[in-house]
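Each chain gets a letter, A, B, C, D, E and F, in the order it is written, and its residues are counted from 1.
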Amino acid sequence: MTDSAKRAVFIGRFQPLHLGHLNAFQHVLGRADEIIVVVGSAQYSHTTRNPFTAGERITMIRLALREGKVDAERYYIIPIRDLHIHKMWVAHVVSLTPDFSVVYSNEPLTSTLFREEGIKVEPIPFFDRNTYSSTEVRRRMLQDESWRDLLPSTVADYIEQIGGVERIRNVAQSDNPNEMKR
Amino acid sequence: MTDSAKRAVFIGRFQPLHLGHLNAFQHVLGRADEIIVVVGSAQYSHTTRNPFTAGERITMIRLALREGKVDAERYYIIPIRDLHIHKMWVAHVVSLTPDFSVVYSNEPLTSTLFREEGIKVEPIPFFDRNTYSSTEVRRRMLQDESWRDLLPSTVADYIEQIGGVERIRNVAQSDNPNEMKR
Amino acid sequence: MTDSAKRAVFIGRFQPLHLGHLNAFQHVLGRADEIIVVVGSAQYSHTTRNPFTAGERITMIRLALREGKVDAERYYIIPIRDLHIHKMWVAHVVSLTPDFSVVYSNEPLTSTLFREEGIKVEPIPFFDRNTYSSTEVRRRMLQDESWRDLLPSTVADYIEQIGGVERIRNVAQSDNPNEMKR
Amino acid sequence: MTDSAKRAVFIGRFQPLHLGHLNAFQHVLGRADEIIVVVGSAQYSHTTRNPFTAGERITMIRLALREGKVDAERYYIIPIRDLHIHKMWVAHVVSLTPDFSVVYSNEPLTSTLFREEGIKVEPIPFFDRNTYSSTEVRRRMLQDESWRDLLPSTVADYIEQIGGVERIRNVAQSDNPNEMKR
Amino acid sequence: MTDSAKRAVFIGRFQPLHLGHLNAFQHVLGRADEIIVVVGSAQYSHTTRNPFTAGERITMIRLALREGKVDAERYYIIPIRDLHIHKMWVAHVVSLTPDFSVVYSNEPLTSTLFREEGIKVEPIPFFDRNTYSSTEVRRRMLQDESWRDLLPSTVADYIEQIGGVERIRNVAQSDNPNEMKR
Amino acid sequence: MTDSAKRAVFIGRFQPLHLGHLNAFQHVLGRADEIIVVVGSAQYSHTTRNPFTAGERITMIRLALREGKVDAERYYIIPIRDLHIHKMWVAHVVSLTPDFSVVYSNEPLTSTLFREEGIKVEPIPFFDRNTYSSTEVRRRMLQDESWRDLLPSTVADYIEQIGGVERIRNVAQSDNPNEMKR
């Protein structure tokens, strides 16, 4: 027996995971045997742009895929830290993931980097992009607006369980302009 | 719904994975709801001690757990690089993993570090330790002795598929004494 | 004899040290046996936000504490570099400092990180915060306004001795927007 | 025979190289035996401020010096990555370059750092600075204005050959505000 | 008032601190106004060569100097991590320390590096070198021989308080040959 | 005009450069238009295995190629630091070098890594390998045997000019077993 599954990579920061992500996972799983979900910027947490740790984001992804009834045999969840050295990024991802043949991404930099290394990149249909965005979820959390309905309900429960909204409000008050952008 | 599974961490380098590892996974899964398999020294590959990349080792673990008929809902496979800064190692692992309550390990340094941070560590019964060891598997590969029967058969097939034995022999000829130890 | 002093940590960047810092040191020393002064962002210097090296900032703290007649037996001054990996920051500080039981801080991110690791955090009363701030001191230096009276006089002398005002003006002319924020 | 050439260092990012750079090289070569061209921020590429890799920038410098009929015996081209630790920058440059006695620079931070280490710094006459600037070249590339006449023609050809304009437009659409500034 | 003390640097790993170190501190303080004690290899701990954290070693130095009745106004204790990039080591030390004019060292590499940067290096008279050595102390701890009389008694007490001997024995059993050398 | 030269990469540490290296350069230049000489392990110096800085090694290579009457238009000399992350090494080299089509190497690890990325690797005929080796040159320097005739004479002169033999003897006396292997 050999390793011959057709695998696709999907890269996100999942700060936090929302229904648009789950929708994208299902789109990819309709086109590949297995999906490798890369949790990018894995080293960052506790900032307004990156409030959750990689471990927390892995938990969210697992909960969402379970809620979406996706067979766990069909996915991998792999945290990968930012190097900030773009020309080495693809080699970094390749070294940490099972063999794959396609990347699904709408991000122009990600697409450029993979294509320069000869790897196929496919777009993902948007799913009400302005509403289902992590930036919008964080904005609502900060401004005490309703955010739960943008997320799978088990993920929303988990964020409440770990005090995620309180954390995002605390770190937003930090006066360190450098850290806040990460 | 909350995240309340009892999770256990198991840390290895899996260079390569052998039947003793699979046996240990099953021991842990008899005592916890879910197992977090940490692929340590994730950044290293292509040396005599660390021939395989993290991506290849993740593939081996998935194949072994499938061969062992372990439900994929019950495990996480997470690559974590060495920092070589031991007092920060536990915080590094915690930041990259879902919440856990116990570590299974026989390694004295690993056990010391987790215990100093107040985390419970349990031993694992050995499974014919001298035979089922990655060092022994690599020695046999290098000396052209029989090694396949120490591994799950799908893992052995995978190693042959990626030319793993040829690779380990090539890197063993390197004249760089520094790299060979990693 | 054992190490049983009650120690408190105070973290700052001290760019530069001003009278508000000295006031805070004295507040903490009224509540603990010893204070561990952490010089944060230790690796940075020669930018508009971080003009002084860690060595220069250690010198300032020693001069200020001497001017404030604080017994040198009661404090430690320890430079610690930024990791930009927040979830590991507390372990990083712990590894580089003598044992402590409380952190004094008004910074929301610092407070959140220590509290998540189960360490007690206490606030510090503000001491005319808008005037006695490093940002205000640097602004006055750049705009050639009077700044000496915001600092302990030996610290002001030291900054003049090392050409600190000239340096801050030179680096402010740098056209590198990336560096200027650090 | 000993190594006794009078060498001068010139540091730039060359994103991309333009005629002002070539003019500066010739100014320096009128005052020193040899020039060491340091390609700064060597690790960065694929951002709007740093679109080209160090390898591509080394190629541009070689092409420009060839077009300018400068004898290759008279120059070195050395990529040096940013450390973001300014007080160690001069030691970093010194460790990676042949022995030199003077630095040519108009950049206030660079000048300050070398002067603090006791190294002589000389200014460079500006060559129509507002037009011949890498920022202006990148702006024209992004906005589809004419940019070729600001560059040596072989460098302009090379950028077209590697699809440089398309790359700069792709990465400018990236939604990662952090990366875009590097 | 200006910063005009004559300061001397003394660099050690202090794994652990012994009476030979205290003797050396007193030798240096007979020749300089102030001593800067650099705790080298600050990031390492929990190995057989480097069992103690930087924070623990700072505590030992403070206890020893107190026991030796040295005025705390006369010393600084500064942890500095290894870079493993020797040509930048002196700049690294300079950036993290108050201004100094001489280094006391018998270590050939340290002496070579400081002398190449034009900094004066003085030797230290040995104090029964074979007995009063950290290597000898660690050997005795591992082999359950008498070690307390090689250390200042408050330092010996402190090591027992933190379980230092048990730790060194635990990490010595680690099967990781790479880590054990650090 | 386009960049269409056929370029070959040659990677060495050059600790120090000897006549075997010069011979190899000439072999490669008989088969390619241009040679890219990569100075590997660029960050290391002042150890018994890596006594010279990258800047000193670049100087040696330039002197040797001049002595060998190689046209400077036909070569690049590029320092590249070790990452110790082998699976990313090829991407690291590619990012820092002009475009190339072949690597000349007899080193098994280097050859394996480039071949895995689909890059052609060619061997180099040995030139009295036991005598013309950097290890042998360093051994002779340490043991005060005759070493000059193994090197181009201008390189031997340069090493004497910078006190290279004295340096190698000093660092060999260092008692740090970890550093000595780098």
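Just so it is clear, contacts are C-beta pairs under 8 Å (C-beta built on N, C-alpha and C of every residue); 3 or more make two chains touch, one makes a residue touch a chain.
The model shown is predicted, which means the values in this text are computed figures rather than measured ones.
Looking at subunit A and subunit D, the chains in contact with each of them are C, F. Judged by shared residue numbers over all numbers used at their interface, subunit D and subunit F contact each other through mostly the same positions, with over half in common. Here the repeat of A-D among A-C, C-E or D-F is A-C, since over half of its contact pairs match by residue number.
Work out the mean CA point of subunit A and of subunit B, and you get 25 Å between them. Averaged C-alpha coordinates put the centre of subunit A at 45 Å from the centre of subunit E. Annotation for subunit B: residues 43, 45, 53, 85, 87, 94-95, 182 touch two or more other chains. Taken as a contact graph, the chains fit none of the simple arrangements: neither line, ring, star nor complete graph. Inter-chain contacts occur between A-B, A-C, A-D, A-F, B-C, B-E, B-F, C-D, C-E, D-E, D-F, E-F.
Those residues of subunit C that touch subunit D in the complex are listed here as 43-47, 53, 167, 170-179, 182. Subunit E meets subunit D in the complex at residues 85, 87-88, 90-92, 94-95.
Listing the residues of subunit E that touch subunit C in their complex gives 1-3, 42-43, 45, 53-56, 58-59, 62-63, 66, 71-73, 76-79, 94-99, 153-154, 157-158, 161.
Those residues of subunit B whose C-beta lies close enough to touch subunit E in the complex are 49, 84-87, 107-109, 111-113, 181-182.
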